[in-house]
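Listed after this line are the structures, all set down as structure tokens.
In what follows, chain A forms one complex with chain B and a second complex with chain C.
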Partner chain A sequence: MLLSLSWKNIWRKPSRSIVLIIAIAIGLTGGVFTIALADGMLEQRNQEVIDQQYSHIQIHNKEFYDNPKVKDSIPNTHELTLYLSEREDIQNFTSRLKFLGMANSTRSTQGVMICGIDPDDEMLVTTIHDCLIDTSSSYLTAQSTNQIVISTKIAQSLMLVTYELNQDDIDLLLLSKFKPELLDKLLPIIDVSTRSKNAFKDSLRKYLSSDEYENYAEVFTKQSTEYKLNKKIILRFNDINGNLIDEAFKIIGIYETNDAMFDNLNIFVNKNYIAQMLGVSANTATEIAIITTNVDNVKQTTSEIRAANENLLTESFIDLDPMSVWQNEFIGVFYNIIIAFILFALSFGIVNTVLMSVMERTKELGMVMSIGMKKSKVFLMIMFESIMVSLTGGFIGMALGAIITTYFSKHGIDISAYSNAMESFGYDSVMYPNLSFDFFINITILVILTGILSAIYPARRALKLNPSEALRSDA
Partner chain B sequence: MRAKISILILFLVEAITIFAQDPNQIIQKAYENSEGASQYAEMTMQIVRPRWQREVSFKFCSLGKDYSMVLISNPAKEKGQTYLMVEDEMWMWNPAISRIVKLGPSMMSQGWMNSDYSNDELLNGGSIITDYDKKILGSETISGKDCWKIELIPKLSTTIIWGKQIVWVSKDKYLILKTEYYDEDDFLVKTHIASDIKIFDGREIPTKFEIISEDNPDNKTVIMMNVIKFDIDVDPSFFTQQNMRKGMSLQFPQ
Partner chain C sequence: MSIIEVKNVNKIYSTSEVKVHAVRGVELNINQGEFTAIVGPSGSGKTTLLNMIGGLDDVTDGNIFVDGTDITQLKDSQMIDFRMKYIGFVFQAYNLIPVLTALENVEFIMSLQGVNKKERRQRSIKLLEAVGLGDRINSRPSRLSGGQQQRVAVARALASKPKFVLADEPTANLDSVSTNTLLEIMKNLNEKEGTTFVFSTHDSRVIEKAKRVVTLEDGKIISDVTK
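Moving on, here comes the complex of A and B:
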């Protein structure tokens, strides 16, 4: 009875209520979508670092992080692998021989983390094999000997890259809406191959105006970059007895993840082969990476493995990835704060509108009060009006936000224009927004709260009315 | 009898020069020419960079290709530092900290005393004879000397990073006068040039060595040989860590 009365009151001045509802709807659509975007990015990044780097759980020797070397391998790998394969909450796991070494090319040298992997097991645990950049790139196989997979970043710092614009590149640039006049200027350097990025940029500078150079040099350089496969690099590392080992490897694949830090360090070789070089048995491992059957139980599984193997360091991705702590513990609060701010701003509009409708209805309120309506019912009626206006706007806003989010979560938002900066933090350049259902419940509660708080002042004003005076007013 | 023998020797020498058309033998002879069984040298190294340049003087003693010892005699800051190379390993003694440091994998690839010579190159110079397939490309004149131009392609099993090397060996005395290093895409990476041929200890050898990097033409390293003695009397017991610690008071066998 009271509810339907409030609902009817809202629509006595439809235009005013609609304006307010639209304002709330727009505010919340924006809020929901922004948060969905942020959450989607984080979720995407988290999934990626799990898939590419951390897996769900990792086991190391306790000394491993001080200075990753083969001496600090995991003792009793045999029993440990038996134990792990018997656990039902573990889907897959793989053991690695990870240690520091140096990579040398003809021009440069770089410190690298040499990851000796078991290619078949590794594919079940990480997705590096999906991150190969070129169709001619291939991944390691169990039979691989002196083959190696490196990242684009390492290829660049070892200067195993050539810069050359050929006709195909020009055609691609034409397709991505570059003006033919601009590309014509590049004719003199087509098919000219250089080894250094600076030399290539110098030649660009020669043929482009300074404005064009500022705007397009990066794009052209990126387009001209060619990673060469089948080149030789020399890995240098200490074997189990501390002797220096030099070993030549042929690059068979080049990968790129969105995490520049990871790419700058890690190279992959076949574990069996590198174990021979190191003079250790094939089942020696310095790292074991595990994928569990259910991510939500990771903490439980981790502590069980930890308890069963006290001499080892067992860590979940939450321990390994500093960012995930931030997301899991803090980001939810952060989202609610954003929504609360939006609603706080909107509440001024709500107060204003409800107050206006109360003032306009002075005579009417005086009338209902003098025929015996309790003050508490008047208070409630006004409060319901405020809550219902807010909720209507809120639901429309959430629905719109959800529709937009769903659309973009399917199609993605490409921000590749800024992706260089994003990728160095480990984010993909195509964002897929994402929101959990829980969050909508949170928003609904916040909207109701806003409605209640905004109604207090106008409702108190209504209560203060003296029925006999109100009846006589002109309004 | 004696005349007969000398004729025979003359014949043999002749035969060697004719058969030396085989690139393997040319390289072998050139290598033997540049390195005696043992040697002592005093050298000055000039490191040129776009913003600075400096000179380092050192004494050097080696036995075969497995043992060498270096003592820095100038500048004052590095005076008394010694380097010992035995087989594949290298140690450094620094008098300022009174400590011997073994050079690890990362330091091996760095330039020796910040020069363009990596520690690696100093250690693994001797593989030129066995590790390459060789081919004579023709004859060319380098600083007035008629030279063989020989292409060296590393064998597959080796850990040589270069795609190929081209060396110029003088036809008269088998001196390596120029070496070009190429990567696997046939881009020139750096060039070694040997010049200033002088007679030292009865041998005619180049005394100035330059290394020029193709990517940074402003960077170069020049080594000048002031004294060199071949086939000195030294045995492996000289190349020890005790001797390294002597620093400036280390007496080189001459």
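Moving on, here comes the complex of A and C:
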């Protein structure tokens, strides 16, 4: 009956309670969605890191990281791959020949990590093949010989890029809802080619206003960028015996991930072909990347593989990217702090509403205490009122937040329409908010705590009432 | 047999500036089954005396025994339990809980006593029928007249099966028709069920119906007449 009475008490002044419930609901909807958005971006980024770089588990020779070279390859690769094939918790794995080398174009030179991959196995483990940016780009095949896939960053560094706007680019920009009068300003630079990004931007600056330049320079530059597919670059590296090898490779694909550091370093060639150049057998590998059947058990799988192969360095993506784990843990605390702040702000409203409700019922509280209601029950009744009003707003807020999150987690939020520059900076222009069930449990606990804490002051005021004096009061 | 024994009770209200001697050396015994009116002009100490008998106000000195227990010695928490078990209250301003129906208002005190739902429902309906409100059990106080609300208050006061009912000016806010109806109900309960009623009043219609009239003036009993 106490719960039912508390619930009815909330609705004595419906408008006052509704205003408070709406305030709590709006606060939490905003909080939940903002956090879902941040969590989704982080989750997207973490998933990309796993998909494109680390996989779930990597195995190396313990000496590998000191100076990645072929000499520090994984011993007994054949036995190891047999062992991995037999494990039921491993979905796919691929072996790589990774080592440092130099990439030379006719205009520039850059240090690179040469990744010799088995293209078919690699596609089952990473998604680099999905990161090719040019429609005429292609990925390596098992038959590839002196073909290479490089990143946009390395292409720029090796000056294998030209910047030129042609009529097709203008038509595409028109389709992207750019104003014709803006594009007309670009007429003088149509079909004018330059190899320097800065030179192209200088020409944009010449014809656009400073605001237009600020807003659109990156988009126009990106549209004008043309990578020199089929050009050759020379890779220079040491073979197994320390001899310097120079080998020409034809660029067949250009990739781009959201990780500039990864893109600045890695190039991909066929492992079998590069093994021949290195003078090692096709089985030789310096890295084995693994995808497990269940990412939640990755720690267990890693420690089992580690125990079975003590001479090797076995690391999960958690070991390889400790920053992301730290970020996840930090962000979890951070989310709770955001919600706690929202609820702290809302608690003033809750205290005010509950206190008003207590003050308006002085006589009634005097009566219930007179007829035998214990002070502990009066305290509980007021506490329930505060918790109920908080939870009602809290649940509405969480439900709205969850509905909005669910909708956008399926459809994504395309921010490119509002911020063209975002995309050109390499951020994913479609964000997918995401939230775990645990987070909603945390919020519920925080809402209940807010209700309890907000009730303490009004409830103490009620307990201080003297029944006979309260009965004589006007309220 | 005395259900209430008031022994040389004094009550002094003290403020920083003045001291008001509201009740002076009152001696009073009330027996089981009595229908007693405590009368007197405003400020004579009627409500203060009733509040002290109900344990709502502390005595300054003296003792009050209810069913043999000296309630002036009880702690606050013991007093709350004692009130719930021994005393039914009817207030001048009805003091029903506005968000509860008539039935729920009567049930409320039984829920505090831990009576099971079925039993308290049956008893509440029976009590509301006894006060002539069998057809209004689901009405909220705002839908009832003053007289009807006070009848619900009487039913509520009886719900906990108290030893006696204290009613502080129960008819002060009622018209004459409602006053008569309420008095008839209280008198019936007194005569048929043996319920002890002690009420303060300065309403002559109520005084007429009382079997015993205790008159207070300036905090002292100046007459005690049993009809």
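Heads up, the rule we're going with is that the second predicted complex is superposed on the first by the 451 of 475 C-alpha atoms of A that agree within 3 Å, B and C clash if a C-alpha of one lies under 4 Å from a C-alpha of the other, contacts with A are read in each partner's own complex, and residues count from 1 in each chain.
Methods note: a contact is a pair of C-beta atoms (placed from the backbone, for glycine too) under 8 Å apart; a residue touches a chain by one contact, two chains touch by 3 or more.
Here the structure is a predicted model, which means the values were calculated and not measured.
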- [ ] Could you look at A:162 and tell me whether it touches chain B, chain C, both or neither (first, second, both, neither)?
- [x] first
TODO: Could you look at A:377 and tell me whether it touches chain B, chain C, both or neither (first, second, both, neither)?
DONE: second
- [ ] Quick one: classify A:228 as touching chain B (first), chain C (second), both or neither.
- [x] first
Open item on the list: Per the contact definition in the header, classify A:195: touching chain B only (first), chain C only (second), both, or neither.
Closed with: first
- [ ] Pick one for A:105: touches chain B only (first), chain C only (second), both, or neither.
- [x] first
Open item on the list: Quick check on the superposed pair: does A:244 touch chain B, chain C, both, or neither? Answer first, second, both or neither.
Closed with: first
- [ ] Give every residue of chain C touching chain A within the complex, in rising order.
- [x] 51, 54, 56-57, 76-77, 80-81, 83-85, 88-89, 91, 93, 95, 97-100, 104, 107-109, 111-113, 156-157, 160
Open item on the list: Please output the residues of chain B touching chain A within their complex, sorted ascending.
Closed with: 88-89, 104-106, 108-110, 158-163, 181, 183-185, 187, 189, 215
Task: chain A residues touching chain C - in the complex, by the definition given at the top - done: 1-2, 5, 8-9, 11-12, 363-364, 367-375, 377, 467-468, 471
Task: In the complex with chain B, residue positions of chain A that touch it - done: 101-102, 104-107, 109, 111, 159, 162, 193, 195-196, 228, 231-234, 236-238, 243-244, 246-248
